[in-house]
Each structure stands twice: as C-alpha cells, then as structure tokens.
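In the part that follows, the structures are each spelled out as structure tokens.
The following pair of complexes shares a single chain, chain A, combined with chain B in the former and chain C in the latter.
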Partner chain A sequence: MVWSAAVLVVAIFVWIVGDLLAGGLSRLSWSFLTEASLDAGRAGGIGPMIVSTALILAVCLAVSVPIGLATAVMLSEFVRRAGWLSRTVRWSLDILAGVPSIVFGLFGNVFFCQVLGLGFSIWSGGLTLACMVLPIFIRSAEVGFRSVPDAQRNAAAALAMSRFTTLWRVLLPGAMPGVIVGLVLGVGRAGAETAALIFTSGYVDRMPESLSDSGRSLSVHIFDLSMNVPGGDGNAYASALVLAFLLLVINLAAALVGARFLKGSVVNV
Partner chain B sequence: MSHRVKDGLLLAVLRLSAVASGSLVVLVAVFLVIEAWPALSPDGAIGIGGFVSDPSWHPIEQKFNLVPMVAASLLAMGGAMLLAVPLGVASALFCSWFAPKWLATPYRRVLELLAGIPSVVYGFWGLVVLVPLIGRFQPPGASLLAGVLILAVMVLPTVALLSEAAIQNVPRNVVRGASALGLDRWSTVWRVVLPAARGGIATACLLAACRAIGETMAVLMVCGNVVQLPGGVFDPVRALTANIALEMGYAFGDHRSALFVTGLILLAVVVVLVLAAEWVGGGRVRNTAARGVANGGGRA
Partner chain C sequence: MTQTNPAPLKLVQATPEPAAPETLIRSCCLSVHYDGRPAVRDVDLEIARGRVTAIIGPSGCGKSSFLASLNRMTDLVPGCSVTGAVRIGDTDIFEKPCDPVTLRRQVGMIFQKPNPFAMSIKKNLTMPLKEHGVRKRADRDAAAEAVLRDVGLWEEVKDRLNASALSLSGGQQQRLCIARALILKPKVLLMDEPCSALDPIASGVIEDLILKLRGGCCATEKSGSVDEAPLTLVVVTHNLAQARRIADDTAVFWVRDGVGAMIEAGPTEQIFGSPREEESRQYIRGMRG
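And then the complex of A and B:
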C-alpha cells in the first residue's frame, strides 16, 4: 500500500514533466529566449519577460537580503532565544510566511503602487516579493548562524575582536551555507510567484526601460497566454518549460548546498 | 571610527532591521483593514451582514454575498487535504521505513522537485491536461474536482517532507523498544512510530492546509470561476483567492473594499492555521512520543 502511493506520486511527477517536455521542447530555441513577443504572445519569444523577471528578482534580493541578514544576526546572536523580542519577531515571521500570495498582491498594490506612488512597476513588484521572501530567508540564515560553534565566538572574544569584526570575519563565513540555502529558496519562491505580481508589476510585455516601468514576469506571461489569449498554448508550454527548468535547477542547487551544510554541521558538533 | 561607536551603530542597525521585519505582518494587516473599512463599517454601504445576507455576488449592482466563494475555497481545501494527507504520510513512511536506501533518496528528490514547480505551471498543466480529461466524462471539465486534484498534488510535498522530518525525529529508543518487543514492521509503524510523530504530522497538515487555502493561480485556472454553491464535484466554482485575482483589475469603490475584505478573511484563516500548527507542534511532541511507546507496547 505504501509502495503504491509512492508509485502514484512518481507517476504524477513523470506525467507533468513529460507533458511539459512534449509540449514545449520543440518550440525552444535561442531566438525564443531572446526575441520580443509578437501578436499578444502567440508568436515571437520571451526575451522581455526574462529580463523583467531578472530585474524583479534583483530588486527583491537587494532589499530582502540586507534586512534579512541583519534580522537573522539579531535573532541568533544578540537576543535571548526565549526573550520577548525574539519570540514576537519569530511569531510574526511565521505568520508572514503563511500569508497567501494574493494577499501580498493586495498589500503591494495599496502600499507600494499607491501610498508610495511607485505605480505598476518593477519596483513595486520586487518590493512586494521582498516582503514574501523575507521570512524564508531569515529562517534559513538564522539556522546558519546558530550552526557556528560557540568555541569560535569565544575565540573571537578572547582575541578582543569587536562585535563588528567578529560578525564579519567569523560568524558570516561560518554561516554562509545557511545564508546561501536561504537565498536560493527565496529566489525559488520569488521566481515562481504570479498572484502577487499581477497587480504590482503589471502586464506590459514590452522590454522594460527602467525599474519604474511595468514589466511582465515569466509566470504572469504563462498565466496570460493560457487564460486570456486564445491560441497562446504553444508559447505558454515553452514558457512553462523554461520557468519550471530554471526553478528545478534552483531547487537542486539548494538541496546540494543543504546536504553539504548538514554534513558540515554534524562534523562541527 | 572606534570599536565602540562601530559596535553601537551595528547593534542599532540590527535592532532596527529585526523590528522592521517583525512589524511587516502588522503593516500588511493595517493596510488591508484601512482599505476594507469602507465596506466593513456599520454605516458603510455593505456592513458585515451584507456579505452573508445579500442575494448574490454582483458587485456592480451592489450585491456582495461571499458565502458561495467561502464555501468553494473550503471545499477545495478540504478535498485536497483528504487526498494529500494519506498520500503524503504514506510517502513519508515510504522514505523512512519501507524503501531501500537507493530508492529513498531519489524519491525524496522527486518530492522536492514537485514542491519546486511553480503554481502557474501546475495551473497550466491542469488547464491543458486535467480539465479536458474531466470534460470528456462530465463537461465542462473546469470544476471543483479539477481544483481539488491540482491542489492535492501541490500540497502533497509539504505533507510528505514535513511528516518525514517528524518521523525521523521519533527518538531511537522508542523504535528500539518496539523491536525489543518483537513487533514486526507494520505494527512498529502503526502502533509506535505514527503515534509518536502525531504532533509533527498534524503540524505538516496544518501548514499544507494553509498553502491550499491561499493558493490562487492553479485554482483560478482550473475551477471555471462561476460564482455558485456547487451541487457536486463536477460543477465549476470560484474560490475567494481567484475572485480577488479576477476582479482586482477593474474594481473601485465598494467593490474594491469588498475584495480587501476577502483578503482580510484569508489573512485571518492563515493566522488561525499557523497558530494552531505552532500549538500542536511546540513542546508536545516529546510527550506524545512517550505516550506512543506506552500505548504501542501495551497493546502488543
């Protein structure tokens, strides 16, 4: 019975991946990846969408990584684990991690597009995604910092290193694997996101000229082609294949770094 | 800069960041409430009662009944959990108890890859494969059933991977106790391991439910989006999340406020689910483990 469940799950996986490959592989080419889309996406390529996706991710990471790192350091190094600050922040991050993406979309639409006056733009989309990614990144980075053995902290203190130097030269290098896993997981979540982007970074499928331009991400492109453009299925298949492939690579990278990380921490402890 | 000034600055930046990340969820809630207030306030056009008692959902005619969409969201989530929990727990057991080692690792990798497929791609696959397939037997195909099936596949990895972690965390002694009593593999799993991992598995299920109720794209693409109380699994339905995605683009005034009310409802559901997950998972796992071995041993 347990075996049949496993066989079923693998069969579903093969079915989905096989179907994507069958429908999309024949359309993939270098020009599909670089050219602009024509005829509402039925023809042409996905060049602008790839650029927009990359820009949105860049904004997202540029904001979430520094804030996330600082929060993770604060939580793991400078407050007591059971203290009220640590408990409150962790509690609110757990809830934030569970908030549905469409709700982030609503929030981003009000806060970034309207209140901050950024409009439908790559800025708005990236900042909205930064809010989504933050809890995932913090959790993983915090595990990284906690895995640095106390002996190293004591050694740094014995050398009369300042807190800043300790952080920069001792803790950060030690925590790097955890930070990288968090980064990769965050990119994975942000890259897959659609619902939060429709009403923040918008639909425009031109090549974005600046960060204040609206830009259509790959995921929104797939949604638009399959739901709103009759006859868009072919290119939607190919785009879905590209996006799924990118994310599978990202996930494998996280798994590999994570596996090495676990091994390393076992040796250290 | 002297050490002291630098360290003081560092600490200030760190503290500020932590407070900022911690208050983000409050910021989200505050803005949702501000935007939803015109619809919620007692002297507004709708009021809380309107969302339940209006005859239908026709925002242009100022009718804002949310009941069919709440029902659709809950049914889709419930159905998905009904399928995903047994399959997920079975997958977790497969990985940690039944599969030979050379098979367990690739299988875990498959689960991780399934977790990594983005929801639009699931939705797209559902739209081009699942919906026509269901439509062949019961037109139109885009239906509650399609949504349930897609959601089940989407949350399955969450249930499986988190349950497996819980099962791995069952103390060695408990398992050794079981084998010392001469239990075979099935009895060990049923009577000892699963009861001991109960707390962790419940947490896994609650987090998966959280993902299922908040999922937008897949549900939007395969459920047909007709606002109605479904008479059966083959009827098309519209979920709360899908409704926001469909109407946010052109909504204004009360209609827009009403959409923010649905956002607030989703937020509230998630807060309850996450808190429940923490309550179930936190600190009680060890107690259940101890009780598990007592029970398992006693019955055997």
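And then the complex of A and C:
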C-alpha cells in the first residue's frame, strides 16, 4: 500500500516531465528563447515572456523579502508569542496563505491597477504576487528564527552586542535554512502563478520597455497558447518546459546558497 | 580577614593578598521575581574585587537568578522583575545612567551549557571585538590569539581557526566561551555552573582556568597591555568540592519559606570549617540539600 503510493507519485512526475520533454524539446532553440512571438504565439519565440517573468519575480522579491524578514523578526523576537498582536498577525497570515490565487488577482486588479493607478503593468503583477508570497515566506522565515536556540541570544546579550548585530550576525545566519525554504516555496508559487497575473500584469506579449508596461509571464503565455490559440500547443509545451527548468534552477540556486550559509554550522549540536 | 588559599593547586600564584579585600559588587535587598512570584529574596552580599566568590546551595534556591541579575541578563526573561539595588564599583546598575550594554561589556557571563556561535572559532572571538569598535583586523586577530592562549586552547585549535566552533568538544567549547568573554576585557566574569555540563576532566581544566584567571594576572601578562583592574569571578556551583577548591569566598543560598535567600557568606575556609547556620552545616556535611 505504502509502496503503491510512492510508485504513483513517481509515475505522475515521470509522466509530466516525459510529456513536456516529448512535446517541447524538439522546439527548443536559442532563437526560441530570445525572439519575439509571432502569429499570437504559434510561431516565433518567448523572449519577451522570459523577460516579463523575470521582472515580475524581481518586483515580487524586492518587495516581499524585506517586508517578510521584518515581519518574521517581529513575530519571533519582538512580540510575546501569546500576545494579541502576534496571534492576530499569525491568524491573518494563515488565512491569506489559503486564499485562492484568482482572489488575489481580482484584489490586485482593483487595488494596484485601479486604486493606485498602476494599470496593467509589471508593477501590479509583481506587487500582487508579493501579497501571495508573503504569508508563506513569513511563516517559514519565522520558524527559521525560532529554531535559533535561546542560548545564542543569551550569548550575544552577555557579550553586550547590539540588537542589530545580534539579528544580523547571529540570528539571521541561524535562520537561513528557514528563510531559504520560504523563499523557494514563495518563488515557486509566484513563478507558476497564472490566475493572479492575468488580471494584473496583463497578457501583452511585446517586450516590456519599463516596469509600468504590461508584460505576459510565461505561465500566462502557456495558458493562452493552450486555451485560446488553436495550433499553439507545440509552443505551449516548449514554454512549459522552459518554465519548469527555470523553477528547477531557482530551487537549486537557493539550495546552494543555503548550503553555503550552513557551511561550518551543522556539526554536532 | 587574611586567609590562605584553600585550594592547593599548582596554578595558584603567590600573589600578595591585599590586607582587606576591597568590595566591588554590593547587592542590597536584591529580590528576583518571575511573574510576581519571588525566586530569591532580600540578598545582601558583598563580593570582593579580584577574588573568586562561589555561590552554593541546593537547586531552586535562586543562585542563578541572583547571578543573572548582576549583569541584568534578567532583563531578557519575559515576566522577570528585579527589585533592590546592586552597585558595581560606583555604578548603580539598575539606575538610569547605566544601560545593560555598557554593563555587560564590563560584566561578562559564562553559561551552564557552552554556547559558542554557529560560526568559525576565530569569528566567535573577533565578531564581538568588531562590534565593540576594534577596527583593525590585525588587532582583532592578535587579541583572539592572546585569549586563546589564556584559556589554553591555542595549541589545540591554532591549525583550524576557521573550523566551526561547534566541531569542538564540550570542554573546548566552554573554554572558547570563556575566551570570548575575556576578549572584551571585563572586570567581572559571572559563571553559572560552568562545569556541570562537562565531564570531570574537562571540568578540571575549567577549574584550573578559573584559578589562573583569578586576579586577572594572565590576561595582562600575555597580551602585554597596560595594567588593568584584576578580574573578579563569581561562580555558581552545586558542586561543594569544587567551591572549596576554587573559591576565596563562599555564599550559601537556601530555600526559606519557599523562597530562595542567602543565609551566610564569608571566606570559604570559614564557611566550610565552621558554618554559622545550621542549614549550611548540614548542607556542607552532605546531610541535606
């Protein structure tokens, strides 16, 4: 029974990857990765989509990492765990983490595109994704900070170290594994997001000229090609393969950075 | 109250004892409460400069709470409040001009469980120095070597200064923590059962180190810096034999009416030879506690 479950999981994975490779590998080429799309995406490449995706992710991370770290530090270091503030924030985050992405999309459309007047733009898309990523990232980073033993905080205090140095030099390195995990989960969710982006960053498939331009992310491109463009399947496969590969690379990079931070700290504890 | 040292250990140097030891730390009616419940009440204790003072007593009698209040580590414990006064030198440590950071720079602390930072051996020592404004790398490295020599760790780790501090054994970690506290050149070093998480051999090494540090003689001679105030050590221990070996003075804590209190203090010889209080007498004989 247990074995069959494991086999099932692996089988699904192999099927998806195999399907992507079979459908998309033959179309991959350097020009596919760099050129603009033609004929609504049936021909040409995905260069603008890769750039848009990267920009949206960059906006998302630039906003969510500082805010997320600050909130995680507040929750784990500055407020009493059972206090009302901590409980309210945590409760809100848990609910936000479970909200369907289409709801974030509609919220982003109303708030960022209309109320703040950002329109369909990479800004709107990135900020909406940041709202989605924050709950996951904060909870994971908070667990990271909490996992640093109090003995380390006492050691730092007894050495008359300032709160800032304690955070930066002692707690952050110790919390790094949790922070990295949160980042990977968050980027994974953001990079694969479609519903929230259709309504915020839009689906103009030109190369964006600034962050205020609308930009079509890879995931939106895949969705559009497979649902709305007859004959777009081939390029949808190839785009999906690129997206899967990019997410894999981000995961590996995060793991490597994490390992570098951990070097010299995981030995007998 | 002249006295001979009760510990016939080889490392004790025949430094001339001052005729009357000068009081460095004076606590007045010091009480520590957790969530309003008193853990230790009304401690009046004088701790002499440049000597080793042991605090002994059974579990739960507030020894550690008292010790932690001396450098305001109690501030970090949620729900902990301290009343009364402590003067260290001319400073009232709970009064306004004194802030915990300045205080802890002068009054270091060693914990029961060794707590090196999860970074390299060298960085454990140089990071606090950097924090306290030693800008030149060469100065920091030299200071790190000096304190490692002081705690007898230099020969053991000189080839792997960049290895993780967590790769050291428990006793080595504790000596590294002592070195890390010493590198800030504190006036007082508080030690909260520094040997109780260590095996007998490692604790013997720490005991020797305490005696070597007493009076601050080693930090000054090795690093060649100008004459400094001698180091004062306050050691909490539940190991009576250890207190007898290392301490010049001893204070006995006891639980009275459900609350910790200091019942007697004096030169170690006198406390162990002719204790005034009945509880101390029985505790020291091993009949209670």
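To be clear about the criterion, the second predicted complex is superposed on the first by the 239 of 269 C-alpha atoms of A that agree within 3 Å, B and C clash if a C-alpha of one lies under 4 Å from a C-alpha of the other, contacts with A are read in each partner's own complex, and residues count from 1 in each chain.
FYI, a residue touches a chain if its C-beta (ideal position, glycine included) is under 8 Å from a C-beta of that chain, and two chains touch if they have at least 3 such contacts.
Computed from a prediction, not measured in an experiment: that's the story for all the values here.
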Chain B versus chain C as contact partner of A:N154, first or second or both or neither: second
Touching partner for A:R80 - first (chain B), second (chain C), both, neither: second
First (chain B), second (chain C), both or neither touched by A:V170: second
Greater residue coverage of chain A in the superposed arrangement, chain B or chain C: B
First, second, both or neither for A:W30, with chain B first and chain C second: neither
Which superposed partner A:S162 touches (first chain B, second chain C, both, neither): both
Partner chain in contact with A:L248 - chain B first, chain C second, else both or neither: first
Residues on chain A lying within both footprints (that of chain B and that of chain C): 162
Chain A contact footprint on chain B (complex, rising order): 3, 6-7, 10-11, 13-28, 31-32, 34-35, 86-87, 90-91, 93-94, 97-99, 107, 109-125, 127-129, 153, 156, 160, 207, 210-211, 213-217, 220-221, 241, 244-245, 248-249, 259-260, 263, 266-267, 270-271, 273-275, 278
Chain A partner contacts - residues on chain C that touch it in the complex: 71, 73, 76, 78, 100-105, 108-109, 111, 113, 115-120, 127-128, 131-132, 162-164, 166-167, 177, 180-181, 184
Contact set on chain A toward chain B in their complex: 1-3, 5-6, 8-10, 12-13, 15-16, 19-20, 23, 66-68, 70-71, 73-75, 78-79, 85, 88-89, 91-107, 109-111, 115, 131, 134-135, 138, 162-164, 167, 188, 191-195, 198-199, 219-220, 222-223, 226-227, 233, 236-237, 240, 243-244, 247-248, 250-252, 255
Residues of chain A touching chain C in the complex: 80, 149, 151-162, 165, 169-170, 173-174, 264-269
